[in-house]
Every structure is written in structure tokens, then in C-alpha cells.
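A, B, C and D label the chains in the order they appear, each numbered from 1.
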């Protein structure tokens, strides 16, 4: 038995494969639900209902998808240029912390809201960029592989956040809890829907996906970035400045991850804690992969992942099944989807 | 200053170092073996969690402690097989698959745990491994209690360091594993199937990770709790780099990390005002520095993260 | 007597491509066969089937009369078949000894017998005159040494049949000579060999028998003694090929001038290139050819001295400025430098001039224009086997080279730097490349030809310089070039060349 | 046993094994069993998911939602505002808000003081240790209570304190305990699970907090500063049943005199005189004659 690469992905499969993957994941999850003695069909119904069946479900799904779109984009942009940014988690936290720090500047409170929001977003993005420029600099200067350095910096970043919110940035009104001072009211993102958590960050994320798609598919920078990623040597021969291109990519990727953190703080939580992210940075990598590194696909992959999580979480509550089933379901969908995507690109031959 | 020296000179500190280091040693050896064969295994965090759960559950269900370790190893190997099938046979992205496996293995472990122990307010315990003083050796002043008054899995970890070092650098199998990580095409040209070899290495490495997890529930503590692995797996990924893919140095790295942790805990009891986070950051920062120092020598397995597909252009 | 090796009725398809069709061939003990064929004729595929890397769709392989199970490299090795791959199969971070020993012992042995392995390796290296240091790391070795390791690997596995896939493609003329001497020695000791080559003179001088493959089929088999270069060339391509005629040069103004350039790998380098002439640079590999090509291509900036383009120093010494100043560049390594395998043809065609207003505006790529330009190249340069939107990886070497020629020449450069332009190409493709280079010269461009293929340099150049240790020899007109003089020049003895140069008027500095 | 059970949902940020959560969990399970409430719960709910869990339970028609607002103070209150018909009883260091957001704290510091009195009398080395999660007010109050109790009977004693920086990492709490033993402590006060394991391993005594650790470590844990959630739950249920606003602070019900907390100790371990003195103090507290100082500052 051999695997053979298809010349071009089969169109029908491209549509069918994700459906097959979702089906497979749901079946596997079904086994686990039956293990817990639950009623399968009811469980499936509840997942759909929990994620999409109510105003609350929809708003929660979209709220969860928002940071995932941004971290997914961060990974997609970087991976396409073969910049292995595994550090989105740390960049996310630095972005969040930067927004809180920016809000501590006394003058900020008197800014008009749009300005305060814009500047806060920029602060978050820049912080994310800086954190990714470190591993990139090490790669360009010393040839250090960025997979491990960016991964390591995640822990440094989270510990740094922990230190700051326990020290200089600790909220004196938080009863001793290690959390940062809240972002000022004028830097809080407006809600899209009252009585929900859905906020304007979703629009920013969607716009970012469109812009990134355009940059990658249509611009000189996008073309050069891909060339630099696929073959640094050939790109250099064609006059692409490797350093400059990668720095651009790093700014974009780190910036997006930082933005995700900034938006989460400004739209949802209001202040920084060390449990701000349920692994949004790592999930972004998986989402980017599910989307085949296509920025528009990232929107779909993030929504899918959010639906599965919110739906399964809600189902577990309604059925009294251990709530860990939500994470199991998401993980199973991801693994199945990876295999399905593979099958669209390869055929198995005897 | 003398307080610091007191701490540094205390038996307790050094004994703790080895104890805290043990799960890291298992995990680091596991990652090292996978990476030597050319496969990055970011599934470690989840595999350790699963091993911790399964090992504990086995003993809780009446199994022997060593049976628990064995079960954890087998569970780890099973996830290793999954990782191997996806990354080696199908050639899927190693980071992504690894992260997916971490997510799956850990949430699956919690789920199974909750089904097995439905609603307990205080988790059931098992009788863990007790320290086993090595006759004679444990009497040596200072070194005795530090090195030779540990639980048996710690000794196992130390032995494994030597065994893995021997296997990798002295046996034909080790040479084949290293070649799979350097250039699988070359291995194939010598008549050894790199795919089977890689899968084998990933399974063996993952088994070690599972045992590292089981150490947490069967020796370092006596019951299983969700989230108890607490990032120890990621630390192992870093330690492998710090160790330049050598088992001996992996032990050193794990020791250094454990030292920072143990020292920090002891320092807290005597001095105030030093953010403990700084100590916890130290090992990561040191790993990055180590990377810079050795980057020029390019000892990274050259085919790390590169899938091997026979006869593909 | 049974042949040591016998292939019968081998057929192999990759998707729509038929790489081998009903191929049969046999090899006798002590014999050297040359396998000849155009790019993509299916030579490597055939040998890979024999060695168990690929599984044939039909056909059988017999070694010493015994059937070889398909798809098992291990079985081929056991049966005494050894293979030296077109692209080396070595682990760079391991030592020579480790590379040779991997897979030779039972895997589960508790201790590897390194001492024994080393002794055997040294004995083999003595016997066949293949000098290597067992403890050297492969990444520190030169290409020639790597090849020796490859051969030793096969010998260490007790190969009785040795297959070499384009063994000379990356070797210098001297190294190639040495290699063939070794091969003949091996044959005289009873080994049987198959080597693959495009180079007719090698085939003529080193083989006993020639098998010609065309489009996956065996089209002819000749005893080497009974054939000629001309016949082989025709058999290979399927028609008579003649390399293009060269018309006399009409040198114009100085277009490119190096004045005392020092750079990484280059020492005090000076030369002039006129419009309408071809300056050939010969030399043993490793003496600065790559650096010289890099200098003119804009990849390598001079540390001291100047590289003047039409008498002007460029504002910046980088690739875009070089291209904008009218320098066209044919890279030495088309896979690693010239193309990006996973990008489309059109992207590869326009990437190096993407900043030009034809192809982009305000940072936006003009995709339609880029595609159209590529389409034109495909047509005008007869690039076969791919679409504008297909990945360039799927092209054969010759077609890839045609695309590169197209993208370079379509920009109408008046300076052309061509590094090893026909390396690894078959006769037909070479003729095409040469015709294009001569055309550019005829149109008034100056061509800097850097090549290790003397035949090529003699066929195309008007003047010839040798590069030795980063310095350029005096130039001699091609009419005065003979084997002895070129040999002296490449060896660094420049007195005779200097005498000739000072006798010639046009380029006296 | 009276009419239909009230629908109550519990949202636990940690797994229900975590001592603090297990107190809530046990109280609600018991009430469920008695038919007083109909209890559903989620555990290990991260800060990001917490507000959603609150909203879902509110929309699912639960009359009372019990949980912990510590890590999500702002959001929890804004959720409560969106669901005025649902009552929320949340662990919090802050104040109640609106009509439907009631708060409670874990005030078993009086019991910790009593445990400290026993420890102060028993220590041989003159050093006792406490392992806490993070220096937040409620943890501080508890550890300070213990320390004050120690000092009350043994002014010379040294009290070392360390925090593990997370709420739930038993092996780490154990390491912290071992570190304290290494620096001389011979009695440990374990605010976190895992501490007693260190004591057990080294053969010294330990004191538990919140739940009764003695069955788990029979020869090690000789006293526990118990806390009970049932009085708080019952009060809130009564308010809900009567239609009274629950937007108030239920914490005082944690006090010893209200039965919300108490010491539970093993007879015959501490010297008789010490136990006697402790019991006197306990009686004084019950009678309102003695007030254990409340100190929210991080212990030095």
C-alpha cells in the first residue's frame, strides 16, 4: 500500500472530507457518551442547540471564535512563510498585558473612546510583535530554530504576566487576587449584542482575515513571503530580502496574536489574569492547519472549533456528562479533520 | 547570604531536586528518543497526563505499583502509535498533530477519570512507592540520602539515562534511530524501513512520557487530579534542546530545572520580596541561551519534523 | 552462463506518466554498462525499481538467476546490489563510519562492532584506492569525498553489482577521471557495474556496452566499441542533433568591468566584458566560480574594488539593482537557486522582476500580466510538461532550464551571466541552451559563461580565462586554446596565457 | 422533604476534588440526596467559560446558582444583572450587588486559630509552617489566624509561610511542605491539599483546613479547621423560597458561633493542658467573649 500525491485536490473530496471528519468525530464522541450511559441522539441535538440553537449559544460561539480567528491567522501567516511561530500563546498574553499597561497611563482615561480603543489595539499588537521578533532575531543572527525558542517564550511570557499582575500592575481593588488593573472604560470594546458577551472584536477579526487574505494572495509582499518560506536560497537569488521579509511576517503574525490578547481583554474580560487564555495560542496553530493556511478558511475553522466546544460544553451540562467531553470532542474533530485534509491531497494506492 | 548557603548545603534541597527531576527525566528521555528519530512529539503534555491517570487507575483498581507504571507506559505507547501513524505514515504536520494529541489525551484522561471516580469530594488514594534506601550506599553522608534514598522509579529513571545513552551511541539500533533523524533516505538506502523505525521510536519515547506521568501519581503523590501535570511536558521539550539531544545532559538539564524549583520553594520560607516567577523563568531562559551557544554547531537532527515518503518528488 | 543481473519486462507508471515501459536488460559479470538517455527518459526510475525503492507495475528482476522480491531494498542489498544515488543518501551529522555501518548489523545486537567495521572500511578503501577518514563528519566532506563514501557503503554491503546514477554530474573533470579509473579497477576485480550518464565522452571511454533509453523504452543497445558519439546522440534524442554554429564575434563597448574586486572567495579580480562577445571562465570547481557568478548576479557585494556596469558603479549592490541594470542571470543550481519547486510556473517566472511596473503596481501583483508573460515564455521557449498554474517541481531539468532562460532573456538583458548552463541536461536540451546564448550574443549582449564543461566553453566563447584560487588568469582568444594551454591555465601557470594576451590588442588593460 | 426540590446549579472553577470546592460539592450533594434541591454542576470551568456556564444555567431555569466569583468578579456581576430572576450565591472577596447576587467567604479562621493553639503547644523545634495557594485575603486570614493561635500559646515560635502560586497542584504543595520541614518546621498547616503528604512522609504532624483530612492521613493530621457550606446554602435557599433578595453577604454564617466552622481534632494527640486551654478559648468565641483578630494582610 502506498500513498500518492494527487496532482490537484479532487473537488468533490474537498467538500466531502470535512463533512466526513465531523461525522467521524461525532461517532467517536458518541462512543464516549455511551460509555457514560448517555443518549446519543439527544446528545447530538443538544450540541447543536447549545452552540447555535439560542441567542446565548450563537453569541457565545461567536465570542469564542473571535480570538481563535486572530490566533489562527497569526499561525497561518507565519507558517506560510515557514516561520514556525509556536509562541502565539505568549504573544497573546503580552498583547493583553500591554493593553492593561497602556490603560494605566493617566492621560488615557481622558481620550475619546475611538482613540483610546485604537491606541490600545496598537499597543497590544506591538507587544505581540516584539515577543516574536526575539526568536526571529535569534534565527537570523544565530541560526537558532524558532520552534523551540518561541515555545519557550510562552512560559517566560506567562510567568512575566504573573509577575506583573502580582506586582507593579496588580489591581489594588482586587482583594489581593493576582490580576491587573482593569482597562479604562473608554478602551472597552462596544458590545454587538446586549445581554451577551459578543463584542466588536469579532468585526476586527473578520476584517483582519480579509486583509490578510488579500495581502497573501494579491500583493508583492505576500508573494515574496511565500517564496522566502518555501526556499530561502532561491528567494534570495530572486532578490527577496530574507531578513526584511521575515521581519514583516513576524510583525504581522506576532501582531495578530497580540491583537487577539488585546481584544479578549478589551471585549470580554476587562483585566488580565494568567488564565485569560484557554490555550487560544496553541489552538490557533491547529485552526490554521485545518484551514490549510488559507486566511478565509481560518474563519471557518475557528467557527467550527467554537461550535464544537460551546455545543459539547453545553451538552455536558444538560446531560450530566463530565464536562471534559467538550475538549475531547474538539480534539477528536481536529484529529479527524487533519486526516481528512490529508486524504484530499493524497490517494491510497496498492 | 548565609541563609542561601544554608539552603544550598541542605540535604533536603538536593534530595528534592532528584525527586522533582524524575518525571522530567522520563519525559525528556521520551522526547529525546522521538526527536533523535526525527519526530517532534508535542503530544507529551497530554501523554503524561494520560499516563498519570492510567497508572493511578490501575493501582487503584487493585494492580501492583509496577503494573501501574507498565500500564502508563502502554497507554503512552498507544498514543505514540497514533502520533506515529499520523505524522510518520501520513506525514501530517508534527506540531499540529502533537498539539492535537495533547488536547485529546489530557481531556480523555480527565473524562475517563471522572467516569471511573464519579463524584468524589476527596479523591481516592493509593499507597505510593516508598523511598527505598539502597543498602550501604544510603549511609554515605550527604550523598547517601540525596542519591540513594529515593523511590524505585527514580532509580529506574537514572538507569534509563544510561541505557538510552548506550542504545543510541553504542548499538546498531541506536545508529539506525539517529540516521532516521538525520536522513531517512539514507537509512532506506541501507535497507532499513525508516517508517517502522520512526514509529517504534515514537512509541517507545511516548511510553517513557507515560511513565513520567505515572511517577506523579504513584510516587510524587498518591492520587490523580485533573490538570496535575501542570506544563511539565512542555518543560521536557525545552530540556531536550538544552541537552543537545544527549541523554546525559538531559539528566543535567532536568536537574537544573528541578533545582530552580526546589530552591525557589525553600527561598520563599526565608526571604521575601523576590518574585518567585523569576526563578521559574530561569530554566527557560537558560535553555534559550543554550540554543544560541550551540546553534552554530548545527547538531540538531537534520530531518527533525521532515516527513519521509518513499519515492515522492 | 546466467547474467549477474537481469531485468525483464519492467513497466512503471506515475499517474499519467509512463516512466518505464517493458524494459529488459541484462548485465554480465565484470561488465560495465552505460545507461544513456535524455532527461526524464526513466533511467533513475529503472534503477530504483531494481534497488527496491519503487515497485514496478509489471516485470521481474533476477540477480544471479534468483528472483528479487519487489519493493524491498533490504533484499536487493542482501542479493549484492549496491546503489550510489543521484542525490547522495548520507546523514550529514554522522561520521563516515556511521554512515557506512548503519543497517549492516542485526538491529538488536547489544553492541555495535565499530572496530570491525572500521577495519573493513579501511581495507576496502585500500583495495580500491578510495581514501576517506572514517571518523570525519560527512557534513565536512567535499562532494567527491561524499561520493567515495557512497561507493564504500555499497562495497561494505558486499555489493557485486554496483549502480551509479549520474556519478560525475557533480565532479570535476579530474575527479571524474579518478572515478572511472576506480570503476575499471572494480570491474577487473569481478564486480559488475551500471552507470548512468548524459556525457557521451564518458560513456565512450568507460563502458563496455551502452543501453539507450528513450521515453521509458529501450531503443538501442550497442557494444561501445561498435558505436560512435554521433550515433549515440541520435539514438538518445531520436533525431540527429547538431550543436549550433558560432559566428564570429563583433565586440562592442565594455559593458561590465571588475576592477580589483575582493570579496568572499575572490581575490583581486579584474576583467572586462564587451557587448557582443562571450567570455568563458574555466576552472576546477572550488576555485571561486560560484563567488564570481554571485558577484555579477548581485548576491555577493565586493568588499573592496568596484564592479562597474557600463562604467557606472550601481547605487546598491543587490539583486534588484543588478537586474534593473540589465544583468540577466542563469543560476548554477536550478533546483536550489533558480526555482522554487512548490510555487507555480508563473510565480517562478516573474518573482525576480516582480517589482517591475509590468508585474506590479503599488505593491499589488498584476496576475493577469504575469500569467500572460509566462504563457509567452512557455510558447517561445518550448517549455513542455506543465501549465502556467502548475507547480514547477513537476518540470524536468531541461524544461526548467528553458523556463529560466525565458524569464531572463525576455527582460532583454545586455549582460548575461550563465553559470553551468547545461549541467545535467541531455543533448537536445544543451543544443537549445547554446542556441539561445549565441542568439543573445548576436543581438549585442555580453555573455559571461562560467562552466566546468570544456567542450561547452570552447564551443561558445570568444575569449577564455581560467579562475584559480579566486583570481582570473589572462584571457586568450578561443582560436589559440588547446588542451595543453587550458590545462596550464587551470593549474595556475599563466605565463603562456599572459604572453598571448599582451599580443592581442582589444582587451589589454 | 418539603415540596418540589429547588433547582440548584454549582459551577466549580477547579475539579471538585479541590478541598474548597469539595465542601460546596458535598453540601449540595447531600441536599440533593435529601430531596431539598435538584443539583447539577460543572467542574474545571476556566475563567473564560465561567460566565457562559452562569448564563446557561440561568437560562436552563435554575433558581439558585452557586459558585465562585473570585477570578471573574466583574463578569459574574454583569451576568447576574442580565438574569434578575435567578439567584446567585458566589464565593467572593467583594460585596454583594443588586438583588440577586449574594456573596460568601470562607471564614474558618477562628478554627485555624484554635488549631494554632494546639500546634504552638506541641512544636518541639519552635517552628511551624503553613502552605498556601496565593496571598489573597481569605487565605491570608486563615494563615494569620493559625499563626496568631500559635503565638498566643507560644510567643517564641516561628511561623514560616509559603505560597505555591496556584490553587491546585498537590505535588507542588507537597514539595513546599517538604521545604518547610527542611527549614525546621515540625508541624504543618496545610491550606492546600498535598501538604499533609509531606508531613506524613517525614513523620511529623499536620493540620488540615476546610475538610477533615484525618481519615486520609490518620497518624498525621490531628486537627482540622473545618468549614461547612450547609448553613450558607440553607440560608440562601430560604431566601429564595421566601422570595427575599439574596443580594447580601452570607459570610457571617461561616462563623463558629453559627456552626459554619469549627475545629475537629483527634483526642489524645495534643497535651491535655493545651486542649483544655483551646477548648476554653473555643467556648469564649462561641459565647462572643473573645474575638479572633481578622487580618487580611499577606503574612510576612
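To be clear about the criterion, a residue touches a chain if its C-beta (ideal position, glycine included) is under 8 Å from a C-beta of that chain, and two chains touch if they have at least 3 such contacts.
Which chain is which protein? Per UniProt: A, B = ABC transporter permease; C = ATP-binding cassette domain-containing protein.
Keep in mind the model is a prediction, meaning the values are calculated, not measured.
The chains in contact with chain A (ABC transporter permease) and with chain C alike are B. Put simply, the chain farthest from chain D by mean CA position is C. Just to note, of B-D and A-B, the chains joined by more C-beta pairs in contact are A-B. Averaged C-alpha coordinates put the centre of chain C at 77 Å from the centre of chain D.
Between chain A (ABC transporter permease) and chain D, the centres computed from C-alpha atoms are 37 Å apart.
In whole angstrom, the spacing between the mean C-alpha positions of chain A (ABC transporter permease) and chain B (ABC transporter permease) is 28. Shared interface positions of chain D, i.e. residues touching 2 or more other chains, are given as 44, 165. Within chain B (ABC transporter permease), contacts with two or more other chains are made by residues 110, 226, 277, 298, 310-311. Counting partner chains per residue, chain C shows two or more touched chains at no residue at all.
In summary, the structure contains touching chain pairs A-B, A-C, A-D, B-C, B-D. On the side of chain A (ABC transporter permease), the complex with chain B (ABC transporter permease) involves touching residues 2-3, 5, 32, 35-36, 84, 86, 138, 142-145, 147-149, 151-156, 159-160, 162-163, 166-167, 279, 282, 285-286, 289, 322, 324-328, 330-332, 334-335, 338-339, 342, 346. Every residue of chain D that touches chain A (ABC transporter permease) in the complex is listed here, in rising order: 40, 42-49, 51-53, 55-57, 59-60, 70-71, 73-75, 82, 93-94, 134-137, 140, 165, 296, 298.
Contact residues on chain B (ABC transporter permease) toward chain D in their complex (touch as defined above): 7, 10-13, 16, 19-20, 110, 119-123, 125, 216, 220-223, 225-228, 230, 261-262, 265-266, 268-270, 272, 276-277. Across the interface of their complex, chain C is touched by residues 170-176, 178-179, 182-183, 185-192, 298-299, 301-302, 310-311, 313 of chain B (ABC transporter permease).
Across the complex, chain D meets chain B (ABC transporter permease) through its residues 15-19, 22-23, 25-26, 29, 44, 129, 160-166, 168-172, 174-176, 178-183, 194, 197, 211, 216, 300.
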